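Consider the two complexes below, in which chain A is the common component and chain B and chain C are the respective partners.
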Partner chain A sequence: MRTLILKTASNYLLPVLLVFSIFILLRGHYLPGGGFVGGLIAAIAFVLHAFANGLDNTKGLLRFHPGFLMPVGLGLAFFSGLTPVLFFDDPFMTGLWFPEPFPVIGSVGSALFFDIGVYLVVIGVTLTIIFTISESA
Partner chain B sequence: MTQQLILYPLLLQLFLAILLMFFWRKISAQRIISMIGSLIHLAVSIGVFAYIWNHGTQTVQAGDWEAPFGITFIADTFAATMVLLTSIAGLAVSIFSSGSVISDRLRFGYFPIFHFLLLGLTGAFLTGDIFNLYVWFEIIIISSFVLITIGGEKAQLEGAVKYFTLNFLASMIFLTAIAVLYGLTGSLNMADLAGKVAAVENRALVEIDAILFLIAFGIKSALFPLYFWLPASYHTPPSAVSAIFGGLLTKVGVYALIRVFTLIFVGDVLLDQILLVLAIFTLFSGALGALVQNNIRKVFSYLIICHIGYMIIGLGMFTEVAIAGAIFYLIHDILVKTNLFMMSGLIYRITGSNSMRALGGFYANYPKLSLLLFIPLFSLVGIPPLSGFWPKISLITAAFESESYWSLAAIIFASFITLVVISKLWAEVFWKDVQEIPARPKFRYFHKIRNIKRIQIVVPIVFLSLVSLYVGFGAEHIQILSARISSELMDSQQYIDAVLNSQKTQ
Partner chain C sequence: MLAAILLGFLFAILLVFTGKFFRGKLAVLSAIIPGALFAYFASFIPEIASGEIISRTYQWVPAFGVDLSFKLDGLSLLFSLMITGIGFLVFAYTASYLKGHKYLDRFYGYLSLFMAAMLGLVLSDNIISLFVFWELTSISSFFLIGFNNSNPASRKSALTALGITGFGGFFLLAGALLLGNITGTFTISEMLGMKEAIAGSEYYILAVLFIFVAAFTKSAQFPFHFWLPGAMKAPTPVSTYLHSATMVKAGIYLLMRFTPILGDQEFWNTSLIIVGGITMVYSAIHALFRTDLKGVLAYSTISALGILVFLIGLGTKGAFLAAAVFIIVHALYKATLFLVTGIIDHQTGTRDVTRLGGLRKIMMPVAIAGILAAISSAGIPPSIGFLGKELTYEASAHAETFTVIIVIAIVLTKILLLWAGFVAGIKPFVGKLPEAHKDVKAPGFLMWGPAIILAVLGILFGIFPKLIESALVKPVVLALGADASDYHLALWHGFNTVLLLSGITIAVGILLYFFVKPSIKLENRIGKLEFISPKSILEKGTHYFGVFSAFWTNVFQNGYLRNYVTTIVLFLVVLVSYILFGTAGVTIDYSKLSQVTAYELVVAIILIAGVFYTVFTKSRLAAVAAMGVVGLAICLIFVFYSAPDLAMTQFSIDTLTVILFVLVLYRLPKYLSLSDYKMRIRDGILSVSLGAIICLLALQVLAEPTNSEISDFYAENAYKMAHGKNVVNVILVDFRGADTLIEISVLAIAAIGVFGLLKLRLKSTDRSQ
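== the complex of A and B ==
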């Protein structure tokens, strides 16, 4: 099912959805949002692209297998929890924060890196599952 | 750094699992990482155990959130012992897997998932938070679903469906029980719960909640009458997977039962009676089930059920001697059951069959191997001075002291049937004349595989046999250890103090 409208729209929607997913990711510390939802939105962006342009084009766009994002994300989340143990002798998962908030992003702490890890894992898992199913279908 | 020593086994397993995922397609690299990692894990666990033995119970408040609010990790002697046993069994099975599991299976992420399973087990033993315990149980069952279905054979999927359905049900009941508990007390920290549950006025609801926990953990540890998922599924996956399942998965249920019923729901006479009755039925039904089976792995599956009964009967009698016996049995059982399933894998590799009727002549053809396999088999029966004998003394003494003669009868009956079953197995597989088993053309027989693989299959069996010989001959050490664990469990105050008052003393 190839439609011109969806194809044109998806090219514009992909970057918009990705930016939106990052917005949701950053918003998540105090407000609804976070890595999980953000990751799902980002995955949906690619799924939409795959619907409109075919699976092979989306894979070409990604350049690497989405499953690779799983260990990367897990590793990031793991080290965000491990940093306080290694460098500050605080218990595992203790929140560490930069003293000054950054412009635009706001306060940055180890929790953000944990969330980015979740974000990557969710994209990786969702895309791997959907790509595998649509390949075998 | 040392205050957080108890988290290191946990963090190491997580690190290993993530590292292995980076090597998704490179199976030989995964084999090496898994083996070296498991070796380091064993070293770390020994370190943790030694530290706990010398310095007493240690706690870590994850995220630096104070005790009743944050997630507590706590290692008392019991938890440290279980972590040590997990690492011993983990090392053995890791080596065994790289020798015996075919690479078509390994290619689907066998090793990462295996280490996620060990992560879940280690976490379940170390956590001091009941909801966190649920999360670790989820990690365990999700990993075990993958391991049990990996390879996708028809029999495997059939077993997995049964396994999945009942374990999923158990998880839901477990979650419901936690919800009720939280509704009653407003806390999830186990040490905090110990005090709060005792103060709840609505005793009927507490009792119902305790029974919900009993059902949930009862399914997971294969107690009567909810054990039938176990023999239906444990013989289907590769024997390396059965080994880790048989050795540790049901035992984590037993661990949770012991923890919850010595810490949170204490002093309930009705509950102890129920535990006793269930344990007696478990002993009977597991033993009788094992009698009629022909497949070696099914025999061992039923024996797992039967011997779970010993641990629960110790918990049900609820005296210090009885619990010491249960703990000793737990230690012995983890080592021996893991070893037995690996042994069945070895027999399968050599002959291509696991059916007792088809096998035979093992002793004539492989005398040295038979001598090796004699150790786990007869440790299980408890021929003195092998390891299964000593815990039964404690259990029988405790049964005499508490004048619970039905338990006594069940213990002796189950030991006797175990003896009969193992003797039958020995007679059929080892002493009977050599049977002609039709050769399977594509099967990777033991004599066809490379030397390094053979070593990887035999070494873990030797390793675990040596450990269980130590448990048998060094029974005094293990008895001291079990007695210490038991006295710690009976006196839950030190556990509570360790969690709730640790910040104030520092």
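== the complex of A and C ==
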């Protein structure tokens, strides 16, 4: 299944797709997109790379097991919900926002961090499942 | 106060990363945490003693009335001080007891997890958060009992304990919800004013029963008591801390906490007297038949818990006073005896009391601690145990009905407990030192220090009861809804019936100690009755339940994906058509259907072609690719009907599904084993009927009047309240963020499941090779 064209292309596609996935993640606030789709696209980027270059190369590129993204993402999402309780005495998951929108990114608030958490969990889950299955199949 | 509770959790998390520092010489430093907390709670003593109640509220889920509200009153303070104080000693003791253990850091993690959960339990003023902490104590207890997880007996005991206490926890939740339903609040202090309304409610008996089951399972009351002796498989610091001094008293705490709300009713009082009475006598008798020191102590602990339940049931001011004092008495002497037993076990390697003796020659400080604790346990003056016993007798003698039976039961229990205390605290140290133990080494200060501190406190409080009277005991009674300000604790109350009963108890108990020695013969005798014990009955029940579950699982979870799909589809078709044709009737409103455009038609044709190709192709890979085509065609339809978010997600999911299929199929044999003709007809009918039903359902939905209130709300408020213009995403990450949080947790669990299943399977094949 290894073709030179796909292999060469995937090396360029991986960073482009990853940037695209982050774009989709950030875009989700105003337009279609969000952490879930963004995460799936990022996962597809890695899977494509794995298809072209073999699983071991992709794993080497990642340096750590994608499963570690799951607790990190869950922690981030949970903590973004916990922040209002800990620091502002508001109920769990109250939305907090910086008063002024940031350039390029737009308004930044706890929901964005929550979405980043979702993004990381989705990458972690998808890659863990696909890598595990392709290793043992 | 939240910080004080979270400290234990944070330390447990910290240990995950810094475990190796705490595994070695620094282990004893972890005792700083409970020590500091003890000082923190002790600083509240003057305020509480003057009758104040300190409360803090943090909002958690205000929409459901679930707050993190904490209340420190006399009852909470007593428990908090026990948890942190005994915790401090146990943490220090553990550093020496499990010195050099490979998983010492893990042990400390569980212990501090437990400590934090237990503090949360006794400080919660919200019954739901109380329930959460209650479950956390059960879970940490499970980890601690099963700490030696290479031993099957430990694992089994841990599972039994978790099963029983978890079962009770379930009832606590039910009771909490029921009470919340009756009163309209989950805050315990708000329920205080609604006593009459609760007692008059038709659900009163049910609510009380639920609370009872919770308390009885946790506090090991008959017939749920048997998990506690099993829990003695845990390392001794755990038995000291969880299974005698603190966790098992959580049930007692619960009963005391709800006494001012649910108490003072005949059903409440009578049930508690009966259950407590049976438990105290039953398990005190059982203690006679044990040779394992920890077995003796376990049964005497259950008996002591029975006495507490019984005293709460008596429900008089005197009984509350006795219960408050007895909690302190029991925590002090029983923790000491457990620590002493742990030292003996650690140094000699046996807990068999028939093989122990003369150890005073080797470990004098331990012997002193043991003997002092035995004196307190026996209720011999001037120990605090004497005070506790006097008050207990006094309360029993004033019982309104069946006074004689009650007094006989309590005196009998106390006699047997005296015997148990002597066997555990005195017997190992007196007499001749057996040859086998000649070379036993003396324990270090970290081990005997905590034991002797607790033992001396037991005597000190007895001589100077003023030390605890207004600081600890009276605020507890106040929290239970009685005023004891006119009462004074004292060793000497003059010659009266109670003193006579005390004298009889001590004399008969000591005689019993000299005449009945623990022996294997006695232990075997009770072993013959094991088959009718609640434990064996439950174990048999669990066994048959397991057999039934295995049968049931094999019928439905037979491992063939096609059967699962068939079952699900069949069930869905039957259910939906029953509702659709049986009750509602199908009406199709053609006027609401929109015109079909040319490109929709093209997509539909592609879709149908894809479906047919999938069904009739001979190649697996082609079928998968055609499925992909079907998925993409559906995405396009989503796009046409302005659901770009859905389309994007579906698109990515479809891509991944195809990849996943290819990954697996690529390695399967090329040959397609096709199902036979009949089966294909059956599957065809099933699929077509599912499609038809869903189609009819969709048309029917169109005909129903729609309610757009919710979607209007989201559309209107997405930007106003959540600063977002994409309503779908705002719902996901903000309005219904808690759902998403749970969903991603489920995703993570699924991934771990896949990983675990496949990797474990790989490992087992490795082993067989």
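Note that the second predicted complex is superposed on the first by the 137 of 137 C-alpha atoms of A that agree within 3 Å, B and C clash if a C-alpha of one lies under 4 Å from a C-alpha of the other, contacts with A are read in each partner's own complex, and residues count from 1 in each chain.
FYI, a contact is a pair of C-beta atoms (placed from the backbone, for glycine too) under 8 Å apart; a residue touches a chain by one contact, two chains touch by 3 or more.
Quick caveat: nothing in here was measured; it's all calculated off a predicted structure.
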{"item": "Chain B versus chain C as contact partner of A:L17, first or second or both or neither", "value": "neither"}
{"item": "Partner chain in contact with A:D90 - chain B first, chain C second, else both or neither", "value": "both"}
{"item": "Partner contacting more residues of chain A (chain B vs chain C)", "value": "C"}
{"item": "Contacts of A:V37 with chain B and chain C, given as first, second, both or neither", "value": "second"}
{"item": "First, second, both or neither for A:I130, with chain B first and chain C second", "value": "second"}
{"item": "Touching partner for A:L82 - first (chain B), second (chain C), both, neither", "value": "first"}
{"item": "Partner chain(s) touched by A:G117 [first = chain B, second = chain C, both, neither]", "value": "second"}
{"item": "First (chain B), second (chain C), both or neither touched by A:G109", "value": "second"}
{"item": "Chain A positions touched by chain B in one structure and by chain C in the second", "value": "67, 70-71, 74, 78, 85, 89-93, 95"}
{"item": "Touching residues on chain A, where the partner in the complex is chain B", "value": "67, 70-71, 74-75, 78, 82, 85, 89-95"}
{"item": "Complex contacts: residues of chain C adjacent to chain A", "value": "58-63, 644-645, 648-649, 652-653, 655-656, 659-660, 663-664, 666-667, 721-726, 728-730, 732-734, 737-738, 740-741, 744-745, 747-748, 750-752, 754-755, 758-759, 761-762"}
{"item": "Chain A-touching residues of chain B, taken from the complex the two chains share", "value": "1, 3-4, 7, 11, 14-15, 17-19, 21-22, 24, 60-64"}
{"item": "Interfacial residue positions of chain A with respect to chain C in the complex", "value": "1, 24, 28-37, 40-41, 43-44, 47, 51, 67, 70-71, 73-74, 77-78, 81, 85, 89-93, 95, 97, 107, 109, 111, 114-115, 117-118, 121-122, 124-126, 128-130, 132-137"}
